Amino acid sequence: MKIVKAEEAISSVNDGDSLMIGGFLGVGTPETLIDELIKQNKKNLTIICNDTSFENKGIGKLIYNKLARKVITSHIGTNKETQRQYIEKELEVELVPQGTLIERIRAGGVGLGGVLTPTGVGTIVEEGKQVIEIDGKKYLLEKAIRAKVALIKAKRADHVGNLQFALTAINFNPMMGLAADLVIAEVEELVPTGVISPEHVQFPGALVDYVVIGGRSK
Amino acid sequence: MKIVKAEEAISSVNDGDSLMIGGFLGVGTPETLIDELIKQNKKNLTIICNDTSFENKGIGKLIYNKLARKVITSHIGTNKETQRQYIEKELEVELVPQGTLIERIRAGGVGLGGVLTPTGVGTIVEEGKQVIEIDGKKYLLEKAIRAKVALIKAKRADHVGNLQFALTAINFNPMMGLAADLVIAEVEELVPTGVISPEHVQFPGALVDYVVIGGRSK
Amino acid sequence: MNSKERIAKRVAKEFKPGNIVNLGIGLPTLVANYVPKDMNIFFHGENGVLGIASEVSEEKANPDLINAGGKFIDIIPGAMFFDTSFSFGLIRGGHLDYTVLGALQVDEEGHLANWMIPGKLIPGMGGAMDLVTGAKKVIVAMTHTTKGKPKIVKKCNLPLTSTRRVDLIVTEYAVIEPTDKGLILKEIAPDITVEELKKITDAKLIIPDDLKIMEV
Amino acid sequence: MNSKERIAKRVAKEFKPGNIVNLGIGLPTLVANYVPKDMNIFFHGENGVLGIASEVSEEKANPDLINAGGKFIDIIPGAMFFDTSFSFGLIRGGHLDYTVLGALQVDEEGHLANWMIPGKLIPGMGGAMDLVTGAKKVIVAMTHTTKGKPKIVKKCNLPLTSTRRVDLIVTEYAVIEPTDKGLILKEIAPDITVEELKKITDAKLIIPDDLKIMEV
């Protein structure tokens, strides 16, 4: 783990990369890292995220600034710009049920080939997917998903890089941290090792590549 | 959630039931509940557990007292009596890789049909199982597993039944609590609601049927 | 009491003490207002919380604490936070007693469509598909019509949310139970007749002998 | 220095600062004794801990804190506990830099058998199958022979732990790298000749020009 400025961390992201970004309607989203992506004007990104937030918040800003080529997400209903770009074919959108999305990310992170879920069976989500019957019940085979980089947000990190999340700001963050080749964590504060009890660490610092100190949640 | 004596909680277990029991070599195993199973002399149990511990500890006592018809487990190497009963065909043993066992339990608890794991491919663990190829890589389809009752062990419960585990005594406990129809939790102490912070609760009391106050870990 | 309040109040009667309940965005959120505190219902937010108390004012808001609709909330004593994987484990694993959702359409088979109108409105399914697939009981809470058009139809022409039959439909005029025989009218509001109700319902309704008057 | 210590010391040289390492029960446990503290290695116990320091005496033992061998342990600052599902997520997901395991047999293809002798010894695989399948690098640490019988064989006749080829074999006499061409002898101990080594090795060894002397 290295503590770096957002500028240095984000310089590891290349045009065309796939990015997992944490957050649920902007809560638990690394805003400082997102602002830096925009500043460095990264292009053609594939973004994997729960939702595209609002036009002026979190992942919404990446859509508004046209950094994304494709979004894999469960919900775009709170961001009119995402819907507009999608309908006008400026942006590719793959809609995935939220529970399936998190499990596909988890599978990618924990070395499973995919997920066998009842969610989506018999709906348009089934299209093009293998249906597997187990003991008389049907399940969709939803493939594991990984990304080049995960941008995650935690409340605090210790000097080892161990992370602790706040309240409902945890959401997709820890699983995304398992499912990417490079893990960049934005935190609000750095604390001495030991301040976060070993029983309360929620993500191991040994898997974090960069820690960036960002602002407080607003 | 109801706080009851071990006697009452274990009276819900019937002969022939399938039981998930937490613990790793006896650490994180509900000893009081196990002693009560023996006292009430339950028969023909199917026990799902990481290992069969030692002859005089934890799940080992159930084997020694011949309460089990079948064990689904990853390791019996620390208990000679399990190996003897297995070799002499007094006990059925299904050996499952540890990572596959916990995922099968998790799948049962979170509504997935099974697990697609690379573990066991090409070994005798593959026998009788479906092999699924995803993007050129082979995975075993390992089915989800559930039980009638889960006997789990936590350090403390609050008045809602929320649980907190200690150090490495967490192991299989929370996932087993998701994967059974009836959940009985043995705890060392009861604390007022709020003493366990909502960020540190590790298993929701809303899913716990009975809490039994047992002894301290030894 | 307006239509929405009437629906919310009726849905609230379904719950039993200690139930785990997920309320969808919009109308379903109102249901919480009619649940007595001493029933100890655990309200679940799929974004990662069990034990939502209520929405809170700006002054009490914590920026890291929202419900699945993005509103700032407070929690009850004994609440718990978790990540999305655990949250949907609860949903898909059948640990929720009830999920209450809005609908664009429900049909005679009890199928629900509530996540997109092709070419027009594409919010995405969010957690709805998992909720409808996984909860023990699914209650659809919606106004009986939209701009005068029936929402209870013979067959959904919008993309389905799940092929799982919902358990109950509650509107301002009726409580309807989908079964394998069809839609059974369980309760009717006192301010509408069966004939009038049929006119604003596209699907066939089965009228049982013991039809009750809905308490409003 | 006895054979086991010699093996442990050699294995320890493989790690890089900050690596995540799982040490199997028995001989592999000794490896920790030869790893400098300032290398900040994170030792993983599949029972649910990252950051094992060392085994501890009875007086310092906490009954809730063990390693995967069931021994009471202490932890380093910055350690973390987790449940089995997260623990094997780390293992299967390729997050462990090294796993060091003992073996009953390893063969020319680099296949490992270490979990049962049919009809005789059936401990079960525990976490071994996941560790060998998932870790970035698998090191087999074992004595070269058992009761004079070679353990490095042409083809395992015991049930395999995984069909994944292990990355390195370290014995008291040799460091061997399994490759798609076969077993390459990388290092040989100073107290044995190549001819003598071949006599206690069933499998064919490829002797490269740059064969090194093992530091013991």
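We just call them A, B, C and D in the order they show up, numbering each chain from 1.
Assume a contact is a pair of C-beta atoms (placed from the backbone, for glycine too) under 8 Å apart; a residue touches a chain by one contact, two chains touch by 3 or more.
Here the structure is a predicted model, which is why all the values come from computation and not from measurement.
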| item | value |
| --- | --- |
| Interface with more contacting C-beta pairs, comparing A-C to A-D | A-C |
| For chain A paired with chain C, centre-to-centre distance based on mean C-alpha positions, whole Å | 29 |
| Inter-chain centre distance, chain B versus chain C - centres from mean C-alpha coordinates, in Å | 35 |
| Euclidean distance of C-alpha centroids - chain A vs chain B, Å | 32 |
| Residues of chain D engaged with two or more neighbouring chains | 81, 88, 91-92, 133-134 |
| Residues of chain B touching at least two other chains | 103, 106, 111-112, 117-118, 166-167, 198-199 |
| All pairs of touching chains, each written as two labels joined by a dash | A-B, A-C, A-D, B-C, B-D |
| Complex interface listing, chain C residues touching chain B | 18, 20, 42, 50-51, 75, 77-81, 88-95, 133-134 |
| Complex interface listing, chain A residues touching chain B | 103, 107, 111-118, 132, 134-135, 137, 139, 141, 143-144, 166-167, 198-200 |
| Residues of chain A that touch chain D when the two form their complex | 1, 106, 109-112, 158-160, 162, 178, 193-194, 198-199, 201, 204-207 |
| Chain C partner contacts - residues on chain A that touch it in the complex | 24-28, 50-51, 73-78, 83, 86-87, 93, 95, 97-100, 102-103, 106, 117-125, 155, 165-175, 202, 216-218 |
| Complex contacts: residues of chain C adjacent to chain A | 45-49, 62-66, 68, 70, 81-85, 88, 91-92, 119, 122-130, 133-134, 159-163 |
